[in-house]
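There are structures below to look over.
Look at the two complexes coming up: chain A is in both, with chain B in one and chain C in the other.
After this line comes the complex of A and B, so read on.
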C-alpha cells in the first residue's frame, strides 16, 4: 500500500515536472520560431497572417538581406574576425599556458596572476581608454585592430582553461620527447597540443561564440560598413529600415544561424565546459 | 640514473630562461597593450576634462568624481541596474533552480530540455533584443497591433492591458529585466544542475529510507549542499546584470528617455554623446569600484555562511 502510494506520487510529480519544463522550453523556442517564420513572409502578409506557419514561404528576403541589406558583407567580416582571432588565441594562449604549467622562470606566478586578475576585476568603461589608444595607434577602423582587441578579450580565460588542463595532464610523453632531444617548442607543438585537444575544443567554442556575438567594440572601433561584423550591421540596418520586419528578421536569422549550429554540434563540449567551471569553483 | 641529471633546476642557463620567456611573450605583449595600459590610462584620464580629440587636456583633479556624486541621472542609472539585477537574482535564479531540480533525476527528454534552455544564452544580446523589441512593439498597422504581445491582448479582449511596453516608464525597465532574465536563466540552470549532480545519491536514499519527505530532503540536504554553488551563481549574476547594456541599446536605443538608462549606457553617452572622455572614465571607475566592493562583501559573507 505504502509502495504503490509512493509510486503514484512519483508519477504525479513527473507529470507536473514535464508540464513545467515543456512550458518553459516553449517560451525559449517560440521567439526564435517567430523570427524564422517572419523572415519568410512579405511586408504585406506579415501584418495580416499571424499563423505560426505562413501560407507561402518567401525565401527572397534572405537574398535581399544578403545583397541590399549588406548582410553578405557583414557575414564575411564576422567570419574573418572570428576565425583569425580564435586561431591566434589558440596559438598564443596555449604557448603561455604551457609555459605557466611546465616551464620554470622568475616572475611566473606574477604573470599568471596578472592574467587571472583580468578575469576577476570588473572594469566597466575600459573601452574608453581602449578606443583612445586605438586612435593613437591608428588601429581604429582597421581589421587588424579589431582582431587584436578580440584576441585580448579571449586570452585570460583561455590561458586559465589550458593551464588547468596541462596541470592535470601526465608529463610522461613530454619527458620521453625531451630525452629524445625534442626542443621545448617541438614538445609544445608535437606532444602537448595534440593531447590538449579536449581543452582546445572548449577554448575554440567559447571564444567563437564570444567574438561572433561581440557588439560594443565593433561599434566603437569600426565605422565603415565594409568593415562591420554582423552584430554591428544589424543595429545599423535596424536604425535605417526599422519597419521592414521580414528583412530584419532574415538578417537576425542569418546572424543567429551559425551560433545555433555551432551550439547544436558542440553542445557536449559547451555543457561540459560550463559544468566543470562551476563545480571546480 | 643518467636521466635524473639531465635537468637540474639550479643549472638553468640564460639561454634556456630566455627561451622560456618567449613562450609567454606574445600573450604578455598583447595583454599589456590592450588590457594593462588602458587599465592605468582610465585612472589618468579620469582626472582631466577632455573631449577625446583636442590635443590639450584640462587637469581638474578629482572634479569629475565630485560631479558624479551630484549627477542624479547617473545614480538613477545605477538604481536601474540594481533593479534589473534584483529581478535576475530572484525571478531568473529561482526559475533556474526550479528547472534544475525538475531535471535532476532520470527524467525523459533531459538532453532536449538542457539544449533548449541554453539556446537564449548562446544568442547575442543584439539578436535577442531586436526579436523582443518587435514582440513588444506598440506600433499599429492597418488597425492591428504590430507587436505580438499587444496582438494577443487584443485577441483576448484585454484592451486595458495593452501599452507601449518599451516606452511606458512603468513597464520599460521591467520589460528589459524580464528579457534579460529570459536570456540568462539557462546559464544558471546548467550550473545549478551540475551542482545538484555532484550531491551523493546515497544521501537522498538514506533520507528516504528514514521516511523524510521530499520537502524536508530539499530543505535539509539539497539546499545546504548547494550553498557554495548558489553564492557563485549570485556573484556572477550580479556582475553580469549590473553591467547589462547591449540589451538596452537593442531594445530601446539610447538618449531619448532616461527611464531605461543603465551605468554603461551613461558611460557611452558621456563618451560619444557629450564627448567628455574624462567624465566617462571617472564613471567607469566609480562603477567598477561599486562592483568590486559589492562582490567582495558577498564573498566575505559567503565565507561566514559556509563556516557556520
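After this line comes the complex of A and C, so read on.
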C-alpha cells in the first residue's frame, strides 16, 4: 500500500514537473515561432491575421531579405568577424589564462587584476576612444580594425573563465608532460587546452553571441555597406517612423539560425562548462 | 598548431587588413533615414550621370546610434562631406561653435537669395541663427532642409460615412459631438502616441497657444505667469473632458506612436493626432485606408490654430571638406524642384522646396497647406525646462487615467517650476 502511494506521488510529481517544463519551453519557443510566422506574412496581413500559421505563406520574404536587404553580404561579414575574433580570443585568452594560472612572473597579479578591471568598464564608454584610436592607426573602416576591437572586447571575461579552469588542473599532469619532453607551449596545447574544452565551449558561445549581435561599434567604425555585419540589415528595416515587420522577421530568422545551431552543437559542453564554472572556487 | 596558424593568418588577410582607399572626388553623405536610402541612391546615380560627380549616401540607423557615430567621427576629425545633426538646436549650435559645420549664408543669398526663397521659411529657420541668439553662434544659415513636417489631426473617411458625419469638426465642441456619435456605434474616437511625452507636449502646447496666445505661454515659461492660472487649468481640463466623453482609445497613455499608428491604420479609431510622416506609415500598413487631414479643432474659435512643424531633416556641410563648391552644387541640385518631387513621391515626405508642392500626392498637399501656420519650440524665444515639461506631460497622463485633477497637476507643476527657477537663479 505504502509503495503504491509512493508510486502515485512520483507519477503526480512527474506529471506536474513535466507540465511546468513544457509550459516554460513553450514560453521560450513562442517568440521564435512568432518570428517565423511573421516572416512569412505581408505588411498588410501581419496586423490582421492572428493565426499562428498564416493563410498565405510568403517565402519570398527570405529571398528579398537575402538579396535586396543584402543579408547575403552581411551574413558573410558576420561569419568572418565572428570566426576570426572568436578564434583569436580562444588562442590569446587561453595562452594568457594559462600563464596567469601556471607560470610565475613579475607583476602577474597586477596584470591579471588589470584585465579584470577592464571588465568593469562599460563598453559604450570605450567607443569614442576606440574610434579615435582606430582612425589614428588608419584601421577605421577596415575589417581587421573591427576584428581587433572585438578581440579586445572579449578578452577579459574569457581570460577570467579559462584561468578558473586552469587553476583546478592537477599539477601532476603537467609534471608528467614535462617528463615526456613537452615544452611550456606544448603543455598548454597538448594538456591544458583539451582539458579546458567545456570552458572553451562557454567562451565560444559567449563571444559568438556577443560578436554576432554587435552593431554599435560596427556602425561607429565601419563606413562601407559591404563591410557591415548582419545587425545592420535588421536596423535598416526599422525606420524612424515605420517598420517593415515581415522583412525584419525574415532577417531575424536568418540572423538567429547560426546562433541556434552553434548552441545545439555545443550544448553538452556549454552545460558542463557552466555547471563546472558554477561550482568552481 | 602548425597547421592552424597559417589558416588563421589567411583568414585575417582575406578579411582585408589594408584600409579601403577613399575616392577623394566622391561626395560622401551620412544619414539615418532608412526609408529614403533607395531614393537617395537613385538620385546619386542620376547626378553622376549628369555631372560625373560621384555621390555616396551612407545610411546608419537607428537615429541614436547615428548620433553617436557623428559625435565619435567629430572627435576623430573624420566627419563626411555632408551629414545631418539630430536633436535640439543647441546640438547644432555646439557643432557650429566647434568648427565642424560650414556657414552657408553666402550661398543662400547668392543671385538675389534664389536658393533661400525656394524653401519654406519655417524650415530654413530651424537651421538659422539670428543676431544675438541664445547660443551665441555667429548669425547665419547652417543647414539645408531636405523635407518639412508638421503635426495635425486625421480622420477616417469610412468611419465618418458610417457614423453619418459629413464634415470634420472645426471646434472642440463639434469634435466632442462627433465622438459621441461614433461611440454610439461602438467606434473608438481618438488615438495618438501619448505614451510618448513629446506627443502630449505637442498637443497640449498647441492648445495652450490657442487658449491663451503665444505671449502668455512664453510668460509662463519665463516664470511670470503661474501654471495655476485659469487658462492653464483650461488646457489641462481638455484632457479631462476628453476622458469624461470617452473620446480616447483605451490605454492611450501607454501607447507609443507606432502602436497608435497601427490603431488608426486598421480603422480602430476615427481620429488621430500624428505627423506628416504618417502618410508613408499608413500606406505601408494599410494602403486602402481612406483618410483626410484636418487642423486640430479650436477651443477658442476666434484664435487661429498653430501647429508644430518645421524642417523634418536637414543636411549640414563639413567645415573642413575640401571640395566645398561641388558639395554646395550637389545640395542645390538635391533640393531643386524635380528632385524634391521625386523624393516626395517615393518616400511620401513633404518637400522642403515650395515649388515642388504642385506635383505631390493629395494627402501630402493637405499637410503642406498648413506649413505657414506651423511653429516649433526650437523657434520660440523661451523654452520650458525639460523637467517641468516632463512633469506637465506626466500630469496629463495622470488626468487621463483618473489619478489626478487638472488643479492638482497645475499646482504640482507650478511647485516644480518654482523650484527649478530657484535652482537656476543659484
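Rule of thumb we're sticking to: the second predicted complex is superposed on the first by the 209 of 281 C-alpha atoms of A that agree within 3 Å, B and C clash if a C-alpha of one lies under 4 Å from a C-alpha of the other, contacts with A are read in each partner's own complex, and residues count from 1 in each chain.
We take it that a residue touches a chain if its C-beta (ideal position, glycine included) is under 8 Å from a C-beta of that chain, and two chains touch if they have at least 3 such contacts.
Keep in mind that what you see is a predicted model, and the values were worked out from it rather than measured.
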Q. Which partner does A:5 reach: the first (chain B), the second (chain C), both, or neither?
A. neither
Q: In the three-chain superposition, say which chain, chain B or chain C, touches more residues of chain A.
A: B
(Q) After the superposition on A, what does A:212 contact: first (chain B), second (chain C), both or neither? (A) first
Q.
With both complexes overlaid on chain A, does A:128 touch chain B (first), chain C (second), both or neither?
A. both
Q.
One more residue to check, A:34. First (chain B), second (chain C), both or neither?
A. first
Q. Of the partners chain B and chain C, which touch A:87 in the superposed model: first, second, both, neither?
A. second
Q. Looking at the overlay, what does A:100 touch: chain B (first), chain C (second), both, or neither?
A. first
Q. Of the two partner chains, chain B (first) and chain C (second), which one does A:55 touch, if any: first, second, both, or neither?
A. neither
(Q) Under the contact rule defined above, give the chain A residues that sit at the interface with chain B and also at the interface with chain C. (A) 47-48, 91, 128, 131-132, 215-216, 220, 235, 238, 243
Q: Going by the contact rule at the top, pick out the chain A residues touching chain B in the complex.
A: 13-14, 17-18, 20-21, 24-25, 27-29, 31-32, 34-35, 47-48, 50, 91-93, 95-96, 98-100, 103-106, 111, 114-115, 118, 121-126, 128-133, 148-149, 151-152, 155-156, 159, 178-179, 184, 188, 209, 212-213, 215-216, 220, 231, 234-235, 238, 243, 245, 248-249, 252, 255-256, 259-260, 262-264, 267, 270-271, 274-276, 278-279, 281
Q) Residues of chain A touching chain C in their complex? A) 43-44, 47-48, 80-81, 83-84, 87-88, 91, 127-128, 131-132, 135-136, 138-145, 147, 189, 215-216, 219-220, 223-225, 227, 235-244
Q) Which residues, counting only chain B, touch chain A once they are in their complex? A) 3, 6-7, 9, 12, 17, 19-21, 23-24, 26-28, 30-31, 33-39, 41-42, 45, 52, 95, 98-99, 102-103, 107-109, 112-120, 122-128, 130-132, 134-135, 139, 141-142, 144, 146, 148, 151, 182, 186-187, 190-191, 193-195, 198, 214, 229, 232, 239, 243, 245-246, 249-250, 263-264, 267, 271-272, 277, 280-281, 283-285, 287-288, 291-292, 295
**Q.** Contact set on chain C toward chain A in their complex
**A.** 1, 8, 11-12, 14-20, 28, 32-35, 37, 58-63, 65-66, 68-69, 71-73, 75-78, 80, 258, 262, 265-266, 277-278, 280-281, 284-287
